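Here the chain labels run A, B, C and D in written order, and each chain numbers its own residues starting at 1.
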Amino acid sequence: MADLTVSIGALTLKNPVIAASGCFGYGVEYASSLDISALGGVAVKGLFLNEREGHAPPRIVETPAGMLNAIGLQGIGVHRFVKEKLPELGRLGATTIVNVCGSTLDEYCDVARVLSDADGVGAIELNISCPNIKEGGIQFGCSLTGTYDVVSAVRKVTSLPLIPKLTPNVTDPASFARAAEEAGADAISLVNTFLAMAIDVETRAPKLTNVMGGLSGPAIRPIAVRMVWECRQAVKLPIIGMGGITNATDALEFIIAGADAVQVGTANFVNPMLWADMIAGINDYLDRHGIARVADLVGQMTTGANS
Amino acid sequence: MADLTVSIGALTLKNPVIAASGCFGYGVEYASSLDISALGGVAVKGLFLNEREGHAPPRIVETPAGMLNAIGLQGIGVHRFVKEKLPELGRLGATTIVNVCGSTLDEYCDVARVLSDADGVGAIELNISCPNIKEGGIQFGCSLTGTYDVVSAVRKVTSLPLIPKLTPNVTDPASFARAAEEAGADAISLVNTFLAMAIDVETRAPKLTNVMGGLSGPAIRPIAVRMVWECRQAVKLPIIGMGGITNATDALEFIIAGADAVQVGTANFVNPMLWADMIAGINDYLDRHGIARVADLVGQMTTGANS
Amino acid sequence: MPVDVPAAVVSNLRLTPEYNVLTLAAPEIAKLAAPGQFVMVKTAPGLDPLLRRPFSIFEIMRDPAGAPAGISLLNKRVGVGTTLLYQAEAGDRIDCLGPLGQPFAPVSPPAEGWMVAGGVGLAPFATLAQALKARGTPMTLFYGGRGATDLFYESFFADLGATLVITTEDGSRGEQGRVTSPLERALAGRPADRPVTVYACGPTPMMRAVADLGVRYARATYVSLEPVMGCGMGGCYSCVVRVTRPGGTHFVRSCIEGPVFDATAVVWDALSEGHH
Amino acid sequence: MPVDVPAAVVSNLRLTPEYNVLTLAAPEIAKLAAPGQFVMVKTAPGLDPLLRRPFSIFEIMRDPAGAPAGISLLNKRVGVGTTLLYQAEAGDRIDCLGPLGQPFAPVSPPAEGWMVAGGVGLAPFATLAQALKARGTPMTLFYGGRGATDLFYESFFADLGATLVITTEDGSRGEQGRVTSPLERALAGRPADRPVTVYACGPTPMMRAVADLGVRYARATYVSLEPVMGCGMGGCYSCVVRVTRPGGTHFVRSCIEGPVFDATAVVWDALSEGHH
């Protein structure tokens, strides 16, 4: 049995497998089917300060080996979350990572303050990369100074582990990783979804009411792995990698590319019972390769023989 | 029977379906299996001034609904191409689009000059977006001034229709479309492949000898459609759209998003006999919808009802 | 509570070139299922198509001793996944997650249960009819299709004692026209002091018309909606339906708060018709 | 010249848990095929997996009148696509593009033809053996496997009059060890004035060893290589092999200039062993 623990700032994860934000509700939805305390962490649906309606359906459309979503960050707001969901997550033994959204810099800080005062938040994942909303979010995430500013502002108001979540919709994600590191992040997570669209040729209308959506799922995995690897060369921070992970092999690919932990989003829709197998599969691999700690595998891609 | 012709500068294509560069050899390879003169065009493998070895294999790896390639632009060089392939393409009745590469601005111009002096070149597609080579190419394609400079330099040395091929590996492809337009391009084509990688977890080595490769195929289609649509809003130029097109419906999706013509790459590997069906399918759609000319469908996405 | 099982295809009865009934060995799901619940089905192994598809649990199959042994699905081919289920062969394994969602609440006598099914909307009513019968509740099935070849399993319902009222759009069976016509006559003809609960499943315009009739004749009406669903477990927020709740209207996740809704709570204008 | 046909699976003979022979109705391809050519096979409809897989044409099947009716593939499960072909059922349709590539040139008497097969590398030799027999060329099959259960179709070759020399690594059949040992003894024992052409297919290290022996004993040697192939038609440049040509070494496309190469032209050091 290998040591699967992962350190993200002050937070220790039992293992590197985290449910991705927006793909696991508030975590509690899954508690009747599986033991969510066995996961490395649960990243809950993105939260603004207040409740939010989200976009009109249809909100998803399937694409080759992937899907588009334009949920529009429907959510109950951080106050109701703290009151209604957080205590239950605590009772269930979940390691809770709260995905924080904002339309303005102030809103990010306000949400972070509420969470800092609450009991049972493991870390804040700063969502500056949702492609589905017009104001805030992606505006910060696609600008280096925006990224730096929002991370350093939130850094000032919270001592919770702070994990900016980066967008893949930029020329050079590694530069954003560096901006996040300089601004005081404890870790980074990537990738959020790729801005994309699909059109129904018969009606000539976009398949999503919101026109654009975010592409996720196995389709994007090779791009996400590349970006994690680029960021690994650029920063010392822990990296939480994601994008199309469906099984232990995919998770290991991200870890070898440089991810300290991984998140699983779309694959949970396809197979909500995948968690135990994925964690066991990572452990088996480590045992089979005589690697004592998962941390020892991070970034261990070998290029020598091939380059 | 609808009017399927497409104008790209001075060049008229019989129909909007072009074989994508690097996915159809020099065109002549396919002549024994199909009538390549029936295609809207044949974009041949990228050519430098001189012969080029390309990367060591393995050069491709399959990924979910896609593939990575790092061919490294193996090719016979423009001189041999003009001597050995171009006459045959002419005899076969192909509309030939030559994909032009360069390690330097001068090399792009030199290749373009050779082609301008040759007989039977329909257009030049300027490859400033290959993610698989270190020097040249992508360095121009990922910088707005680089794009502007190379397009205007080549513009000065050739009166052939000039089609810069844009990379998707940037934050805002539409700004590159504008740069190309300002520099005097006759059209733009997009997308080239997405920079990506895959790792064999057992050996921990990259699956491609070159480490990185370009992702193509159906997996990327929703992102490519989005980029074509963004460019359609940004420029008046004809747009040649591509990325994961496998059948007439996919082609129509690009046309409705704003492409005047389309290219088909990866799908030709899977089904090299797809051409006739795709062209017929586009025609059938136009007839069924009472659209007289394919040009009338370009960019006709309706958003009104949904926004 | 829901379980995920690699269910073996026991049989695939192709009713027409469009409809089939797929019987799956899934005792774990059969045991837990309540009328109107659904399963999320992986229509093919691998990544094409990627997502599961939602299907009502049609019948609960029982072994000779009467123990729940499996479920059947009434499948209509409309695209990739439903075509794969149409083509499935006995012995294939199909991942099946369920049971999911809020079931129908079957009424008890003296109320009657009136089921209104349009096309494949028949699917959730086999289990509901059994539950009504178990309560001794008199029931009627208003069942509409495009033509005679769109109507199935009438004897199943007749054997349970249901009154059948059939309509077809082309008049090839039963009354010509929409299923809502005889429903309206029946509602109009029923004295106010004789309670009825209406249950509807079918195309959105049909369900909306039934909902309107329910309001007009002041009868409790429940509909089983069929929005696109990404996960079926409350994880993705793709399946929302706008409903009236204390304090206003809200998007609620139909996979966990539905698919069965009180028809008066549904904000019908918000249901995008193109996709249902 | 190559054609793409949706070939029906006529039969699937599962030889072991790893190997099977898939017989496909494809008269168009069978008619054109020459020994050592291959087909590109779409192992599943849809996008998973996306690309076709290359397979040697194993047997040419003939109808009772002797006309070419189909082909068979000798398939070894190593991954996704080969597993799907292992599972195929009679009646399935499998898109099959071919014949492709440069065939073996069968020698004529007085030369002998010596075939050297490692494992699934047997595949291109059934058609070659028939061509040799048609020329009256004496032939030997040196056939090596891990164990007795890796060896197939010996009687097919024996019936054509081939001499069989069998080796297994575990010694469970024939001589224990590598197939190159008896080959080397045979080469060493053969007088220089008795011509022999050697044909080899199997794991890259084996083919390389055969190539070395060919050089050492100055015998014409051809190998059928198995690099990853994206298209099989010369379109993608994925399948290149470094070979010596007038003026230096070059990467050439093995799908159109191979898969059969003169072993002395192959730059063996450039063949990445991990992937073959």
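Quick note on the criterion: a residue touches a chain if its C-beta (ideal position, glycine included) is under 8 Å from a C-beta of that chain, and two chains touch if they have at least 3 such contacts.
Bear in mind the structure is a predicted one, so any value in this text is a computation, not a measurement.
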| field | Longest centre-to-centre distance from chain D, chain (CA-based) | value | C
| request: Could you grab the centroid distance between chain C and chain D? Build each centroid from C-alpha atoms only and quote it in angstrom. | output: 55
| message | So the centre of each chain is just the mean of its C-alpha atoms; given that, what is the distance between chain A and chain B in Å? | response | 34
| said: With centres defined as the mean C-alpha position, give me the chain A-chain C separation in Å. | reply: 36
| Of all the residues in chain B, which ones touch at least 2 other chains? | 64-66, 203, 205, 209, 217-218
| query | For chain D, which residues are shared contacts with two or more other chains? | reply | 47-48
| task | Make each chain a node and each touching pair an edge, then name the shape: line, ring, star, complete, other. | result | complete
| query | Once bound in the complex, which stretches of chain C touch chain B? | reply | 47-48
| In their shared complex, at which residues does chain A touch chain B? | 63-66, 68, 142, 169-171, 194-199, 201, 203-206, 209, 211-213, 215, 217-223, 225-226, 229, 244, 249, 252-253, 256-257, 285, 300-303, 305-307
| note | The chain A residues in contact with chain C across the complex are 22-25, 29-30, 32-33, 45, 53-54, 56-62, 64-67, 69, 71, 74, 203, 205, 209, 217-218, 266, 268-273
| remark: The residues of chain A that touch chain D in their complex are 64-65
| field | chain D to chain B touching residues, read off their complex | value | 1-4, 42, 47-52, 95, 97, 227-228, 230-231, 233-241, 250-251, 256, 270, 272, 274-275
